[in-house]
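In the part that follows, the structures are each spelled out as structure tokens.
Heads up, the next two complexes both have chain A, just with different partners, chain B and then chain C.
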Partner chain A sequence: MSLTSFYFLFFVLCTVLLYYVVPAKYKWTVLLAASVVFYISYSVAGIFILTATALITYFSALRIEKIGDGYQSWLAENKQDASKEERKARKKASQSHQRRYVALVVTVSIGLLFLFKYYGYFASGINRAFSTHLWTAENLLLPLGISFYSLQLIGYVVDVSRGLTKAEKNPLKVILYGSFFLSIMQGPFNRYNHLMPQLCGEERKRLSFYKFKLAVLKISWGYIKKMCIADQIGCIAREVFSNYAKYSGLGIALGMAAFAVQLYADFSGYMDIISGIGELMGIEMPQNFRQPFFSSNISEFWRKWHITLGAWLKDYIFYPILKSKVFLHMNKSLSKTLGKKTGERIPTYLGMLILWTLIGAWHGAGFNYVFSVGLLQFIYIVLGEITTPLTNRLNNALRLKKGSLPLRIIQSVRCTLLMMFAWVFFNSPTFTDGAHMLGRLFSGKPSLGQITAVFNTDSEVLTGSMKAWLPYLFLCVLVLFVADLLHEKGVFIREKIEKKPYVFRMLVYLAIIFTIIVFGAYGEKVNVNDFIYFDF
Partner chain B sequence: MKKRYLQLTGKIIAFILCFAIVFLFLNAVFSDLYATRARCFDRMEDNSIDAIFLGASQMFSGVNAQKITEEYGISSLDFGSDMQPMMTTCYYLQEALKRQKPKVVGVEVCEIFNDSITVERLVYNYSAMPLTSEKYNSLQTVLDGDKLRAVKYCVPLIANHSWWNQINPIETLRDLFFYNSAECAERGFLYRYTVEPQEIEYLGEKDGNIREIPDHSKDAINYIADLCRQNDIKLVFFKLPVARDWTRNDSKTVKEYMSENGFTFFDMNDNFGEIGIDPETDFHNGSHLNTPGANKTTDYFVQKLKSLEVF
Partner chain C sequence: MERAEIFEKLNEVFRDVFDDESITVGEDTTAKDVEGWDSLRHITLLAAIEDEFDIEFSMGQTVSMKNVGEMVDFIQEEL
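Let's turn to the complex of A and B:
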């Protein structure tokens, strides 16, 4: 059930209607049923894997809570009698016991994730290197959303062990948390504490006509981004990336720019659609994008791009690593020998290296992923930090004040170019292809002919003339830019539209409808793409 | 309260009206994408055509209806569309007979062996045609009863929207608002003067593979014949000269079928010499004659029809 199909719209309509019909106490059952139906529409076998993982998580969380409660009640009873050492020993034993259950959930979730997502890649590599005949899992289909729900469930069980969340008593609610249809495909990563009170809360929800209109506008904007921008501009990107050997210089640059537009419109469009659907049911989904291309450096970019993934990995991997005994010890000993500043930096960079490698690997099995959205990002960030004094001096020499518009434009363009460079590897089938494509970028003398070549092919992907495509590409960039600029300035576009007179609103609604009808990528002629992040 | 309801009703009506206006405008824009041949038919006066020629692009590249009208005094029209299957030719004849009473109908058979319906074919053949029950029925037949797709291809805006990048706004607006019947002087014929020298496959050593005429083409031929009989129209099937995709075995198969069923058919590929076709100068490409080639063919075609007492 593709998000861009009529079936999905019908499915959402039925779910929303049922959601408001059913008494508040049982609303979560509608969401559970909808999530299961949605999941089954993609994969029947996958639902069993999800359910099994969720049930193991459920029992583990209960056990963890029970162990914690046991320790607390022992402490309450023996506060006076027990010695400090005894209390410490009890606490340690209790934590160690809890950790065993956390480890169980991590092992099961990561084990399944490894089996389905990475095992085949490694097994093929071993077979190639050592001429072995290991099973390469070619007949295993990646269960829908496994990269998302595995991490979410781990997060939940860790939160229970940290005492941040109460263990859920109803197993079906844990299944709902793992399978919630609005976030199962591409996120965002929901925290249990944020999502579940909204899904299972018993307050009566009402949908005003005003809120309904705001939600529909958000959904429509998401569909425009996906169908009219991402899928259309994606034709240019696909043509260049699939046949990069035919193109050079500006032709390759055009493909890189087109992919940047496609990726952003595709992913953020999806987020707008599901966030709008959430609003229809009074569910607030966490924000996953915040105008990333207006970032001044790569660190900031990643705080604004796929926000929930970065936040999850920081909370559950990066900070625990830095707080681990090994790292604290390393910090201490390095501070003694190399000085405090360097001594603190090295473990932090090491932690960042682990974090970025995991972010890269999370995106897919392949060195191109680990490099493009992992190691390369780490290099960008570290180089950015190291060269900060130098760039500050350069800015001063050029009289570019901190926060001034020219400097912000330069930083934003720099950031965008660096990401476009990284995404070449991200969107190439292999690292070698990415490297070759970048080689083509610097070949040939820059000329308009390099761009026209992209449109003068017999490609089935890219039909139509350059006269139509280039203005359309510029228009798409302009629309995305203006929308992001207004958001950056704190303008709530939807609210602004709804406050305008009826004639204006009617023109906006008509423009939205006909933009989707005319420019939307749908129908038999179009090879409709699923969302890019769907594969992860 | 009453005022509020009136306001709401007004808003809804205004929205629906605006939606309908924009929809119809855009629908016209997208039907115009492949409208050239059909638009000419639209602008013909009722009951003004004596001979209608039906078929795919080979027909309107090879039979110069303007020449027949002006030089031979027989009011003619080429009424076809690119890659038109025989099933769709039936529908074109149905539409033609709604407004015209021709004495002669000629059907070019280059697509008689074709068994595939592509999106392009549907778009080329149906976009420009008016929304009628015949259009829907024909689409349903062509699409093996798929009603949803038939509805979709009845609405050019939905069916053709993927071609948005091929719309020339200036040409489209000119065609929509400033097109007049004077521009229809070519009577559906496509003038092309480019030259591409060819080797004629039909005159080569090989007879080619033996192909069978699909049942839907046979049904279409029978339907066209019935329709002509009912309307007292003389019917002739013909094949224009081409350089490729037509072999002696194809010709033999069609001749046998036509003969068995009592239909008039002649293949002009048998008469390259008589027509005076020069493979070096008379082709636009392997499948289509250019205008000089078409003019020679048209002269021969008219003489042939006269000899068959069709004219």
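Let's turn to the complex of A and C:
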């Protein structure tokens, strides 16, 4: 059930209607049924794997809570009499007991994720290197959303062990948490104590006409991003990335820029669609993008791009690594020998290296992923930090004040170019292809002809109608840029539109409908792309 | 240990970790109020506090503390 299909719109309409008809106490069952139907529309077998993982998580969370409660009641009875050492020892024993159940969930979730996502890649590699005949899992289809729900469920048991959330008593609600149809395809990563009170709360929900209009505007904007920008500009990106040997210089740069816009419009468009649908039911989904291209450095870019993945990894991987005894010991001993600053930096960088390698690997099995959105990002961030004094001096010499418009423009452009460079490897089938494509970027004398060559190709990828839409496509990209600029300035565009006179609002609604119907990529004859993050 | 005494010790730790003698933290101080207190320095700061008070923050406390006031609550819990 593609999000750009009429089936999906019908499915959402039925779900929202049912959601409001059913009494508050049972609303979550509508969401569970909708999530199961949505999941089964993609994969029947996958729902069993998801359910099994969720049930193991459910039982483990209950056990973890019971162990934690046991320690707390002992503490309440013995706080006055027990020594600090005794309390520490009890706490440690309780935590280590809890960790066994966390380890069970991590092993099951990561084990299944590895089997479905990475095993084939490694088995094929071993077969090639050692001429062995290991099973390469060719027939195994990646269950829908496994990269997302595995991490969410791990986060849930860890939160229970950390005392940040209560263990759920109803197993069906844990299954709903794992399979929730608005986030199963490509996130965002929901935290249990943020999402579930909204899904299972028993307060009466009302949808005002004003809120309905705001939600529909958000959904429509998401569809414009996906169907009129991402899928259209994606044709240019696909043409250049698939046939990079035919192009050079600015032609390659055009493809790189087109992919950057496609990826952003595709992923953030999806988020707008599901977040708007959530608003229709009074459910607030976490924000996953905050105008990432207006960032002063790559660290900031990643705090604004796929925000919930970064936040998840920080809380469940990065902090535990840095807070581990090995890293704390390393920090202390290096601080003594190399000085405080350097001593602190080395373990932090080592932790970051592990984190970025995992982020890269999470995106897919292949060195191109590990490099482009992993190691290269680590290098960008570390180099950015090391060269900060130098760039500050340079900015002072050029009289570029911190926070001034010229400096912010330079920083935004620099960030965008660095990401475009990284995404060449991300969007290439292999690392070698990415490297060859970048080689083509620096070949030939820059000329307008290198750009027009992309549009004058006889390739089927760039169809005749696509060329005719080009001016409108650029207009849509411009609107996307202006919308982000306004969001960055703190303007609430939807609210502003709704405050305008009736005629203005009608013109906006008509423009949205006209844009999607006329310029959107849809229908049987159009090669509509799945969302890019769908495969992760 | 009294709350005021904890704050006094905390100020020393903050000044040492962030190399800034002018820092004075209060109940409502958050990471935004102290230059350099980002997610990377957060762990270094907590490690220094753990050493100073001879306690150990749990991961739940590490990720959930919203301001210095909550940090002091956790320190009192652990002492």
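Throughout what follows, the second predicted complex is superposed on the first by the 514 of 536 C-alpha atoms of A that agree within 3 Å, B and C clash if a C-alpha of one lies under 4 Å from a C-alpha of the other, contacts with A are read in each partner's own complex, and residues count from 1 in each chain.
Note that in this section a residue touches a chain if its C-beta (ideal position, glycine included) is under 8 Å from a C-beta of that chain, and two chains touch if they have at least 3 such contacts.
None of the values given here were measured: they were computed from a predicted structure.
Chemist: After lining up the shared chain so the two structures overlap, which partner does A:Phe514 touch, if you call chain B first and chain C second: first, second, both or neither?
Modeler: Only chain B is touched by A:Phe514; chain C is not.
Chemist: In the superposed arrangement, which partner chain does A:Leu141 touch: chain B (first), chain C (second), both, or neither?
Modeler: In the superposed model, A:Leu141 contacts neither chain B nor chain C.
Chemist: Touching A:Leu383 in the superposition: chain B (first), chain C (second), both, neither?
Modeler: So A:Leu383 meets neither chain B nor chain C here.
Chemist: Report for A:Lys323: first if it touches chain B alone, second if chain C alone, otherwise both or neither.
Modeler: Touch status of A:Lys323: second partner only.
Chemist: Between chain B and chain C, whom does A:Met506 touch in the aligned arrangement: first, second, both, or neither?
Modeler: The answer is first: A:Met506 touches chain B but not chain C.
Chemist: With the two complexes superposed on chain A, say which partner A:Tyr472 touches: chain B (first), chain C (second), both, or neither.
Modeler: In the superposition, A:Tyr472 contacts chain B only.
Chemist: Could you tell me if A:Glu344 is touching chain B, chain C, both of them or neither one (first, second, both, neither)?
Modeler: second
Chemist: Note which residues of chain C are touching chain A in the complex, please.
Modeler: These residues of chain C touch chain A: 39-44, 46-47, 56, 58-60, 62-64.
Chemist: Quick one: in the complex, what on chain A touches chain C?
Modeler: Where chain A meets chain C, its residues are 88, 95, 158-159, 161-164, 314-315, 318-320, 322-323, 328, 331, 344, 348, 352.
Chemist: Please output the residues of chain B touching chain A within their complex, sorted ascending.
Modeler: 11, 14-15, 18-19, 22-23, 26, 119, 152, 157-159, 161-167
Chemist: What residues on chain A touch chain B, complex-wise?
Modeler: Touching chain B: residues 463-465, 468-469, 472, 502, 506, 509-510, 513-514, 517-521, 523-526 of chain A.
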